[in-house]
Amino acid sequence: MLTYGMVGGSMSGFIGEVHRKAINFDPRAKMVAGCFSTDDAKNKQVQEVYSVDRIYSNYSEMAQAEGQRPDGIDFVVIVTPNSTHYDIAKHFLLNGINVVCEKPLCFSIEQAEDLERIVKEKNLVFAVTYTYTGYTLTRVMKEMIAEGKIGNILSVNAEYIQDWLLDEVTSPGSANNLSVWRKDPKLSGISNCVGDIGSHIENYIQYVTGLKIKRLLATTNTFGQKLDLNANIIVEYDNGANGAYWCSQVASGRLNDLYVRIYGDLGSLEWRQEQPDVLKYTPKGQATEVISRGTSYIKENSASEARVPSGHPEGLFVAFANIYRDVISDIIARKNNEPFNKFCSYPSITDGLNGVKFIHAVINSAKNNSGWQEI
Amino acid sequence: MLTYGMVGGSMSGFIGEVHRKAINFDPRAKMVAGCFSTDDAKNKQVQEVYSVDRIYSNYSEMAQAEGQRPDGIDFVVIVTPNSTHYDIAKHFLLNGINVVCEKPLCFSIEQAEDLERIVKEKNLVFAVTYTYTGYTLTRVMKEMIAEGKIGNILSVNAEYIQDWLLDEVTSPGSANNLSVWRKDPKLSGISNCVGDIGSHIENYIQYVTGLKIKRLLATTNTFGQKLDLNANIIVEYDNGANGAYWCSQVASGRLNDLYVRIYGDLGSLEWRQEQPDVLKYTPKGQATEVISRGTSYIKENSASEARVPSGHPEGLFVAFANIYRDVISDIIARKNNEPFNKFCSYPSITDGLNGVKFIHAVINSAKNNSGWQEI
Amino acid sequence: MLTYGMVGGSMSGFIGEVHRKAINFDPRAKMVAGCFSTDDAKNKQVQEVYSVDRIYSNYSEMAQAEGQRPDGIDFVVIVTPNSTHYDIAKHFLLNGINVVCEKPLCFSIEQAEDLERIVKEKNLVFAVTYTYTGYTLTRVMKEMIAEGKIGNILSVNAEYIQDWLLDEVTSPGSANNLSVWRKDPKLSGISNCVGDIGSHIENYIQYVTGLKIKRLLATTNTFGQKLDLNANIIVEYDNGANGAYWCSQVASGRLNDLYVRIYGDLGSLEWRQEQPDVLKYTPKGQATEVISRGTSYIKENSASEARVPSGHPEGLFVAFANIYRDVISDIIARKNNEPFNKFCSYPSITDGLNGVKFIHAVINSAKNNSGWQEI
Amino acid sequence: MLTYGMVGGSMSGFIGEVHRKAINFDPRAKMVAGCFSTDDAKNKQVQEVYSVDRIYSNYSEMAQAEGQRPDGIDFVVIVTPNSTHYDIAKHFLLNGINVVCEKPLCFSIEQAEDLERIVKEKNLVFAVTYTYTGYTLTRVMKEMIAEGKIGNILSVNAEYIQDWLLDEVTSPGSANNLSVWRKDPKLSGISNCVGDIGSHIENYIQYVTGLKIKRLLATTNTFGQKLDLNANIIVEYDNGANGAYWCSQVASGRLNDLYVRIYGDLGSLEWRQEQPDVLKYTPKGQATEVISRGTSYIKENSASEARVPSGHPEGLFVAFANIYRDVISDIIARKNNEPFNKFCSYPSITDGLNGVKFIHAVINSAKNNSGWQEI
């Protein structure tokens, strides 16, 4: 049984609850410590609801204390605003504690490289919770591409579009409170939309295809705000193919629409986050196949990942739970000096670093007349 | 904090895990007792994984012991094969313990009526886990109909079709082990397909529309098996309208396809279990509206039920968790002598009884040349 | 070059124009005669617009005159209300003229049998324009079933639902003029909804599967009108399988939704009229294949039927044109004493007779407490 | 009654037949002349099938002869390969004959400007058959945007993807004969994919939104061929918004997938060519509405355009026929010195010129390191 702690994640927020419930799917880990809020009352509220043994009023104290206890936490989950990820993560790493961190990893490339360096030196687990890599069919997609089912990739089209900040364009300041920190450069960094959701596109495509972005160019739109609300990006991969990425928070009627299409010379694959249990596969010259999660015709190792029978929706929590299962398995394997070498596994510190580089390249291109930015 | 126990639900089964994880969404209840299997090793396995305080080798001992302990469980979850529901439920009820039971409730109408009588006498909570009533948009649908959004109901069409027993038709005996007990009248009762999934249709329509079935007629098909694998049913409701129900376990390509359409004189509503976050609504003479869960335009009380933001799939576990939230709230309310009067809440013992009556009427009609059967 | 005439089909109606434009797709037939309306002005209007050589003030005169001319029409198209089909068709047949008639064929089984007898005696072409048999993918479906792609048929589910008469339920008399004759038993016969659209279901299933209905039972709903607006039907085929048919003209939001699903022990097929260029095929135990019209992977003889490249919608007129192509080919073949033996071809007089039998059986069952009616 | 002639369009080709059948929908125009092929036998074949009065062995002779006859054709339809459009069109214009020309209009901007100049001088009708502007719901979309239903446009995403040239990537030279001329710069001009289908995107967006492209940047991919098979384009409109366009002929499983989404600050609209009878509209903050063609709730003037009742697919021929109806109406109006001023009408010579400018800008940007190209 592993134990874990959390920084951030008061009851009034959304994402902390998702992480806690997702870890709860795995009887191998238990929450025993936390610094859930700088507001003492909110901090205690989580402690009471979840019967948490130890709470702390600040994260540096928590990192130090947990690092020194013989029964200190095995890993910490960081679910605070972007601006604080770097400092919090660094504290726990330096105290020898594995880290699971929300994305985007941090503000600057230097910070991200610093964290990557520490992780490697200390040989710790560092996961960045790019949620959508946890869906079973995302992993089936990754395997199918690796097996050559669609051949050499010719073209990629991926978008992540929402409409929840549209009110900011028509009536600035009216969007709900959740949005306030996202629009503030001090809390969100150099980008809002690209950082928040564009980075999911970059990560998802890299995860399933293995393609590296060589360079990219972009336009962004702020529509009167300080930070971007919409961006169009053209990327060039190391294999010479191009991809078009689009992210937006002002696309009326779109809720959380990550939609990914990958076209190879032997076939294509298509997946949409709002229907995660369906994967569309078209072998060249044949009818499109609608692959459903959990069915007998999906190859064995992936099918075995399913916690939910076919035809029953997997849902957001299971995607997170699948990532945590791998994180927990990796930490246990390291404790037991056993190898953990899973083809489809959780996004790492390097994925987090790539995300930060991507965000910077997009914003730089947009600022420089949409010229190419090498990555 | 409530405590609960479980009968059935070894690690190798599916549904016990679903119930446990769903209850885990609610920090207000904790599993402390169980009789997970008649196989001692399997029983202990669940105990270890979940750190369960007390295990029992048989349910009657468990019911008695828990009923007598001052800190005995607040409710028991019954996830055993259909044939055993009645006896197990009765034991716990007679020991004053609230019950959550998988569907169908039991074999005979007499058994169901017996349980209903005890529940009323003892004033206990008895929930039957018709899963699909737990989806947020099912509840929105129920509210919209109650508010008159589709007017007087003219016609209903509902189906629940799967293909997992198709192998039994082409190669009898080859389907997976899960199916064995379903095809055995001793374990499943008088019906397989109607009992297993047809009963979900009956419950779902009754739940969302409030219509009572006055009479019905049916055909069933066994395709060489002992029990039904497919059934077509025409019902007549108390308002004079008709509905067509279809359930099948031999419908190639259909996984878990509960698909419900309700047509009124002012509009229509449509919901499909495999896309539970979408509800289609057509006001008479207007364009079809695609309503998404979690959005601002869904009326307040229902929207507030959402644990997951719009655009992120809710999934099977959340549907179960929503039912358990209401069960737990009701038990807590009763302990505190507070009222619990929620418009959209969990399916009750009476719903379970209606399900048993429905199954009997369908099988009787099919045996009697598809003549009408009053309910 | 064949010549043809038309009875009915004034410019203000809809269906006459569809027939004319559909025949226009085939340069092998030209309209030279007509009796388009009993209203002289309307009759002349069509003559002028289409430069028609010969118009007649009544159909019996037209049948006689055209039957006697050496250059008389090769076939007549009957697009008048149902009540007049029998008499008009009989006049042309007795004058040795081939007939294309709208469905349903006529009012009584006796009339239909009478027409069938004359057709056989005179060895004439008699086509009943069940439109949906003309779509290319309907024919692909028929071929796939004949080739055994879905094996032995276990279950059928088919519906044809619309909402255009819903106003008649809420505000009787308010629906548009087109609907008036449909609701009048003198013009429509014993049934409105079953006759108008239910008969399409019966024909479509028979066309693609070859299954014969042995018996059926039904409920109908008039919602205060003289004739049925909604019907639920359970059929039993000669192979022992059951099918559920549903037709409705009061299903809010449904426009012209003929939706057909056929489940066999080796696979299933699904087709929807509003997306006629898509056919869904699920081989047992495999992913659903989305077959598109006009693609290279559809077998040769069927693919060759396509007038429109893949990805471009075929549309209503092409469906009609495909039926007419076969009618014209058959007439030409007979003129040349050549065989015409096409597997997928136009619906015949016998199909028309079967339609009339079906309508009568449904209405009779509904009147007789939904008892089985042999066919 | 107008008369028309055609250049190109032998029976073995596809597009000539489409134009002929589409014009046949309108009894106001009749084909009386043609130069269907440089192959004499093929030329005569069309003449025979369609009973064409006058055929010519070359187009310059045809243009001159028809221009001089008192009963010469009212308009000519040009359906030859791109390389010949300019010269043919010029001949007919100079002889005072109205022109309907396939797209793209011609090779160079100079040619296009030359044609535009002549059209204006001679005050002739010149239509470029961008097919998709003919669909009824395209026109409804145009009207809704003009009425302000989606407010100020913030972002556009449009793609046109096919897979029919994918074989050229894996096995160069193997694709069907139809593709040969498209890949040859002498016949196709500077671009294959952008010219053939990318230009449809440009025209469609301009038609429905009225937005002008100020500048654009692009990447193209040839995958070993001489001309482009795939292109990604970012445009900047005159209102400051950006749009992303993608065209491809190597997208496995995509047949003719023109898919257009337009996001404004008050709502969004979405249309897909393969389902042309459906238009998705999301007013800001409300549920998505699925608008169907031909229904009562679509505003009057647009609904009146429908030749086909709701729920019956309109199809490719009707789209063409709608364009021709407007062309014919305009020619008749000019003959009668009446005004023809229809809000949603056929694409003009200026649209054709814009298309040529677009193609050049895309190819130039791709050749210049994807830098911005002003238009």
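Labels for the chains are A, B, C and D, by order of writing; each one numbers its residues from 1.
Definition applied: contacts are C-beta pairs under 8 Å (C-beta built on N, C-alpha and C of every residue); 3 or more make two chains touch, one makes a residue touch a chain.
Source: prediction; values computed, not measured.
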(Q) Using the stated contact rule, I'd like to know whether A-D or C-D comes out ahead in C-beta pair count. (A) A-D
Q. Among the chains, which one keeps its Cα centre farthest from the Cα centre of chain A?
A. C
Q: List the centre-to-centre spacing of chain B and chain D in whole Å, with centres computed as mean CA coordinates.
A: 55
Q: Mind checking the centre-to-centre distance between chain C and chain D? Centres are C-alpha means, answer in whole Å.
A: 35
Q: Could you please state the distance in Å, as a whole number, between where the Cα atoms of chain A are centred and where those of chain D are centred?
A: 43
Q) Where does chain C touch two or more other chains at once, residue-wise? A) 254, 285, 288, 292, 295
Q | Footprint of chain B on chain D - complex, ascending | A | 281, 285-292, 295-297
**Q.** Of all residues in chain A, those that touch chain D in their complex
**A.** 150-151, 154-155, 157, 159, 163, 166-167, 169-170, 217, 219, 221, 223, 230, 232, 234, 236, 241-244, 246, 248, 250-254, 261, 263-268, 280, 282-285, 288, 369-372
Q. Which positions of chain A touch chain B when the two form their complex?
A. 14, 17, 21, 24-25, 27, 49-50, 162, 254-257, 273-277, 292, 294-295, 307-318
